[in-house]
Structures are given as structure tokens and as C-alpha cells.
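Some notes on the structure that comes next.
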Amino acid sequence: MKLTQLALAVVLALAPSVGAAQDKSIIVASTTSTQDSGLFGHILPVLKAKTGIDVKVVAQGTGQALDTGRRGDADVVFVHAKVLEEKFIADGFGVQRFDVMYNDFVLIGPTADPALVKGGKDILSALRAIHSTGSAFVSRGDKSGTHAAELALWKAASLDPAANKPTWYREIGQGMGAALNTSSVLGAYVLADRGTWISFRNKDTLGIVVEGDKALFNQYGVMLVNPAKHPSVKQAHGQAFIDWLTSVDGQNAIRGYKIDGQQLFFPNYAAGEMKKSG
Amino acid sequence: MDTQSALSLILSGDPALFAILRLSLVVTLSATLLGGLVGLPLGAIVALTRFPGRAGVVVTLNGLMGLPPVVVGLLVFLAFSRSGPLGSLGLLFTPQAMIIAQAVLITPIISALTRQVIEDLWAEYRDEFTAMDVRPWPRMQALLWDARFALVTILLAGFGRAAAEVGAVMIVGGNIDGFTRVMTTSIALETSKGNLPLAIGLGMVLIGIILAVNAIAWSLRLWSARHAG
Amino acid sequence: MRDKRDGAVANQTWQPARADIAEITAVDDNGLEPKIAGTPSVLVLNGIVVCAGATTLLDRVTLHIRAGAPTAVVGPNGSGKTTLLRLAMGLVTPTAGTLRVDPAKRAIVFQKPVMLRRTVADNVAFALRAARQSADREAVSTLLAVVGLVALADRPARQLSGGEQQRLGIARALARRPQLLLLDEATASLDPAQTNIIEDLIGAIARSGVKVVFATHDRGQARRLAGDIVFLVRGRVNAHAPVDTFFTTPPTEAAKRFLSSDLVL
């Protein structure tokens, strides 16, 4: 009967396909900043050519990426919130954490520069100026690595707009691109990672106003999800990805990614720096 | 990227774009098919049977037409996560999960509207069918067939809803490049990258596809009406 | 004697199944029971009352309809003709009284039969399958030939004219191989030509042994086709007489006034 054949076809289409490609693939939970910057588009083909592994990147905020790892829905977690990553390891959800690369955050602001912070080298005094002038500021507000860094900086400046919620502090709960779009429209300041900023296409009236402060250092780390907690984790391939990422080959690939001649990420895996799980 | 180069990228038959278009159609058409296979009989059954709590079911189905896609995505995500009840199926972050999520999203629309259509048609056919002593199963088949034009429109409504949504497929699919990236998630991504002209261009293409599907359904209906009234 | 319209009615033998209903010779309220002794009753109503809310649609109706020539049900609008037929078909539940009829052997054609959204042939096939009969090409063609719709077999049923749709309704009813065929105002909305075709059809069906009970407001039609007349007034059987009696010597005052178009209710 026609209907039965149709139903059968639908069921078969839905059955998880078992192909050769599926076996050599892993899911990496990463951040929107690494995706939006275009880094993966550049380095993953190199990895694929070398190892034949298909890396499927699910780009979420750092908070969500760690949660995905915790649930066992990803094989590898690659984010930029060192404190949260170390907690991930301490809680037993990850095997080991490795430094991979760093870039820095930059404070982006409108050409009008209402808080008069442009050209400064001190992020904390810039934040204080924004706070006292009540200039518009966009926050990621999404538990991402960038958001965590932003909150840490406010804290270091002894301020807490996230708790007080003054009207000039706009928490949008979205990724870096959305935050930049919003800032462009509102004429607001926003903390961004340099990688996303360079590759962002809608710069409009925005520009870098503060950079170079040591406090703006942004470290990326990679971890294998613990197979002891989730047996479905593809341990071999996941580890191969991490090994490549921290190898000379992988580090060179990262170094080689440039937009408009500018390097976005700086590889810094050092064999001496390792944190083991408890 | 300016408007010019965005348009030329789209019109050049870029293979990556093609793959995204193809996946969008496969996911949404499959979801519509699945939603129809479940929703049409479900709507007909609710229309034609009396059972305790029927009024509540009707109200619920009507209400679920407004299911937020992102909520559906979240529920399906939790169900198929490795830490969830159906985790062992390994369906998360696959096109199959996206099909299921969209099917869940549009089945209430299809059932609720089908229920109304079949109920109205039954009011018209009731005497004849009772006089002819038609049994329940042939009755349902006959009503569904005779209502086919209205039902096609209902399926198109479901298709439109699924084709337009981004919340569900983003969460359960993960917008993985080359694997679960569809038109709507691409548009969201390009927007977040600040590639607004490209995003709008993709939006135009998506609308064009949806209109094309509707046009095909319309001509199918014209042809069918001519042949069997 | 009327001409048979070309292709309108074919000389098909239509063999309905015979029922096993015992002979009844009870007498109704009015004492006007036509005594056709020895013929089986096809439809028996006893003290039937049908109420819809505050309105009484049928008021203590007792009738014995016997096999043979068609029975016409006549009466002014609102006298209960349609309710009577629907009751006989089992579509209406009486508030009181009893009904005796073979449920598997009855069929009805409504005043405006509902056409299924498919071809004429598929409509008939549907009726055959519902009646648990074989719906093969031959069975369908036979029925279409009886009502003269063979040429329109593949036409969408909704595109048919009023008379053609009525004939399709009759074909669907005949698919049930009924012993009792109920027709509700079959020609009410048809022009004279179409009316003639339907009347010829009714005659042929009756001659093949099917008991036809038809409601009509057309007195001439009742006289042409019927063997006996049931005359309803406000839900009551005012008279039940052989056709000649009813028309030449009307048995009641109301019947007299009805026939002289004088009955105002």
C-alpha cells in the first residue's frame, strides 16, 4: 500500500546514517568568537587533509559549550574561559586542559567617543570613565568567555553594573557579532575579542578605543570530554584533534590565519604547562 | 561584502550555498511529510470521535499551533542529548534531529487545522455516510481524500512555518558548517558576522524557494481539479 | 404512456434480495388501512412520536407499508414527510413507538444528494464498497447503466446537473441492493425533462420488485407513480388510501381541501 511505502521511506531517511565519514568525525563545542572570526574555516581543512578527521563545530557561548561537554554531546571543548575550564576538569568532566592560543580583547567604541577614552592604554580607567559618564555599553550577557572577561574587568575596577543594571548598561544575551551590530546602532562601547573584530564586516562608525592592556589577555584552551563519564565520546579521534592542535603543524596553521594581513590568534601551547584532572 | 558581490555569489551557483539550500529543503520537506503522516490522521480522528476530554484536546491542539520554535528545539535537544532519555540514538547535531524538531513544531498546526476542516466536511457528509453505513476507517479515508485541497493548503502552512524557523534547528542542529547548516541558520550567522547584504540576499533566496513550493502546489491543485473535481 | 428518454433507462433486470418479513394485517387509527392481503409489509411504524425540543414532528404515526407499487407520501410543507423518511432510514430516533424494517435492505436518496469530490464512477464504487459489495468495473457499469449515467462515468460528480446528480444518488442507493428505496422530493428542484427521466427510473425500479416510498409535493407525480397515498398533516397520518380512491373520492375533509389547493395551515 502506497502509504506504508511512504512511511517506510520516511523512517529510513530518519535512521542515523552509518557511513564511513561518520566514523571519522568528532563534535567540537566551541565559541562563537572562534566561529565568527573564520578560524575554523582556515585550520580544519588542514587537519582533515592530515588525519582524515571531519570536525563538526558547534559554536555556542562558552557557558553553553561547557554544558554541551558536560552532557556528553561533544567530544572536545575548545573555549576561552580558563577558570571555568579548570572547574570543568576539577569536576571530572574533562580529561586534561591544554593552552592552544591567545589573542586579546579590545574595547570598541563609537567615533563620537562620549566617555573620551580613545587612545588609552588602561582598560580599567576607561571602564570607570564609561561608568561615570553613563555612556552606552553593550554586554554579551551570555556567560561566554568574553562575558566572563568583561565581568572580571568591571570587578577589578570595583564596579558592578551587571548587578545594579543602570540604563546605559545593555545586556543583550547574544554572541559577539550581535553585540557589535547592536553597539553600532546604539553608538555604544563593547568589549570584543580582536579576532571577531577584525573579521567583522559591519564596522560602520565603530573603532578600537583601548588596546594593549595586559588585563585584556584572552587565553583559549582545549579539553577532551571525559570518556569515563560519557562512553560515547570518540576518544581516539578527539585526542588526535587535540594532539594536532598543539603540534607544530596545528600551531603553524593557527599562526597562518590572517585577515587583511593581520594575524588574529597567537599560538602558545607550551609543553611545560599542563593541568591534570584530580 | 557589498550587495553586488553578495548577489553574484548567490547567483553563481556556489556549491556551498547549493548544499545549504538542498539541506534546507530536505529537512523542511521531510518534516512536513512526517508532520502530515501524523497530523492528518490525528486531526481526523479528533474530528470524528467522541471521547471524554475531547474539548480539552481540541483547545490544546489549537493552542500548540503557537509553539515557540526555540522551545521545541530546547525540548528536543534535552530529549536527544547524551544525558537525555533518547541519548543513545546519537541523533543530536544531525539533520535527523532537525527533521524531528520541525515535525514536532508543525504537527499541532496540521492536526488542529485538519480537525476543523474534517469536522466541517463531516457535517456536510454525515447523513449520506450514515445512510450508506460507511465504517469508521473508510469514513476517515473518504473525508481526508475529499478534503484534499484544503489539506494541501494546510500542509503548505506547516511547510511555511518550518521553512521560516531558526530557533529549533539552531539548537538541535548546532549550525555545523557543511553538515547541519541551513538557510535560516546561515542568515543568522551572516548577520552576526556583520555580512548584512549577504544575509539579505540569502533571505531573498529563501523566500523565493518557499514561493516556488507554493506555486508547484497550486498548479498541482489546478491539474487535479480538472481531472477529478 | 410516456416515451422512454433515450439512454435514460435501460432494460436491466434488477434483482433485490427478498426479505423475510411476516405478513401483518393490523389496522391503524383511521381504519383506512389499504388491504392488499397476502403482501408482506416492508415498513411498519407503530405509534411513532418524534419530538425535537418543543415541536412534535411526527404524532402517533402508525403505518403499514406493503410490498408492491410505490407509496407516495404527500402533505403540505412541514407536515413531516422528510422526518418520516429519515425515521424509516434510521437517521432519526423516535421519542416513542416502534419501527420494524430490515436495516440492511433499506436505502435513501436525499433531496440534494451530496456528491463526493470524485468522479461519477468513483461515487458509485464508494457506495458499493460501503455496502460490502464488489466494486469492480462491471458492478459500477451495471449501476450506471440502470440510471443512464454511463457516458458521464469519468466526469467529476460535482459538475453534474441537478437531474444527473439525483440519478447518481439513486445509483448509490441501489448499490445497497435495497428492498426499500426512500426518495425525498427527488424531482423538487428539477425541470420537466429531468423530472420525466427520474419518474421513468422510479417506475422501472418499482417494476423490478423494489418497494419505493417517495415524498413529493407534486400531486400529478403522486398520481402517476403511486399505488397508494399516505397523506400527512402536521405530523399525523390524515389518510392512507389507494391512489384512485384518494384522488377521486378523497377520504377526509383535509384531503379534499389539499387536493383543491385549499389547505392552509
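Letters A, B and C mark the chains as written, and numbering starts fresh at 1 in each.
Heads up, the rule we're going with is that a residue touches a chain if its C-beta (ideal position, glycine included) is under 8 Å from a C-beta of that chain, and two chains touch if they have at least 3 such contacts.
As the structure is a computational prediction, the values presented were derived from the model and not from experiment.
Asks: Using CA atom means as chain centres, which chain is nearest the centre of all the protein shown?
Replies: B
Asks: Between what two chains do the most C-beta pairs come into contact?
Replies: Chains joined by the most C-beta contact pairs: A-B.
Asks: Using each chain's Cα centroid, which is most distant from the centroid of chain C?
Replies: Ranked by distance of C-alpha centres from chain C, the top chain is A.
Asks: Please compute the C-alpha centroid of chain A, do the same for chain C, then give the distance between them in whole Å.
Replies: Computed from C-alpha means, the inter-chain centre distance equals 81 Å.
Asks: Where the CA atoms of chain B average out and where those of chain C average out, how many Å apart are those spots?
Replies: The answer is 49 Å.
Asks: As a quick test, compute the distance in whole Å between the mean CA positions of chain A and chain B.
Replies: Chain centroid spacing, chain A to chain B, equals 33 Å.
Asks: For a test of understanding, state which residues of chain B touch chain A in their complex under the given definition.
Replies: Answer in residue numbers: 1, 30, 33-34, 37, 81-84, 87-94, 96, 99-100, 174-177, 179-180, 189, 191-196.
Asks: With touch defined as at the start, can you tell me which chain A residues reach chain B in the complex?
Replies: 6-7, 10, 13-16, 27, 32, 35-36, 40-41, 56-60, 70-73, 174-178, 180-181, 199-203, 230, 232
Asks: So in the complex, the part of chain C that touches chain B is made up of which residues?
Replies: 89-91, 107-108, 110, 113-114, 116-119, 122, 126-127, 129-131, 155-159, 172-173, 176
Asks: Can you check the complex and tell me which residues of chain B touch chain C?
Replies: 124-125, 127-135, 138, 142, 145-146, 148, 225, 227-229
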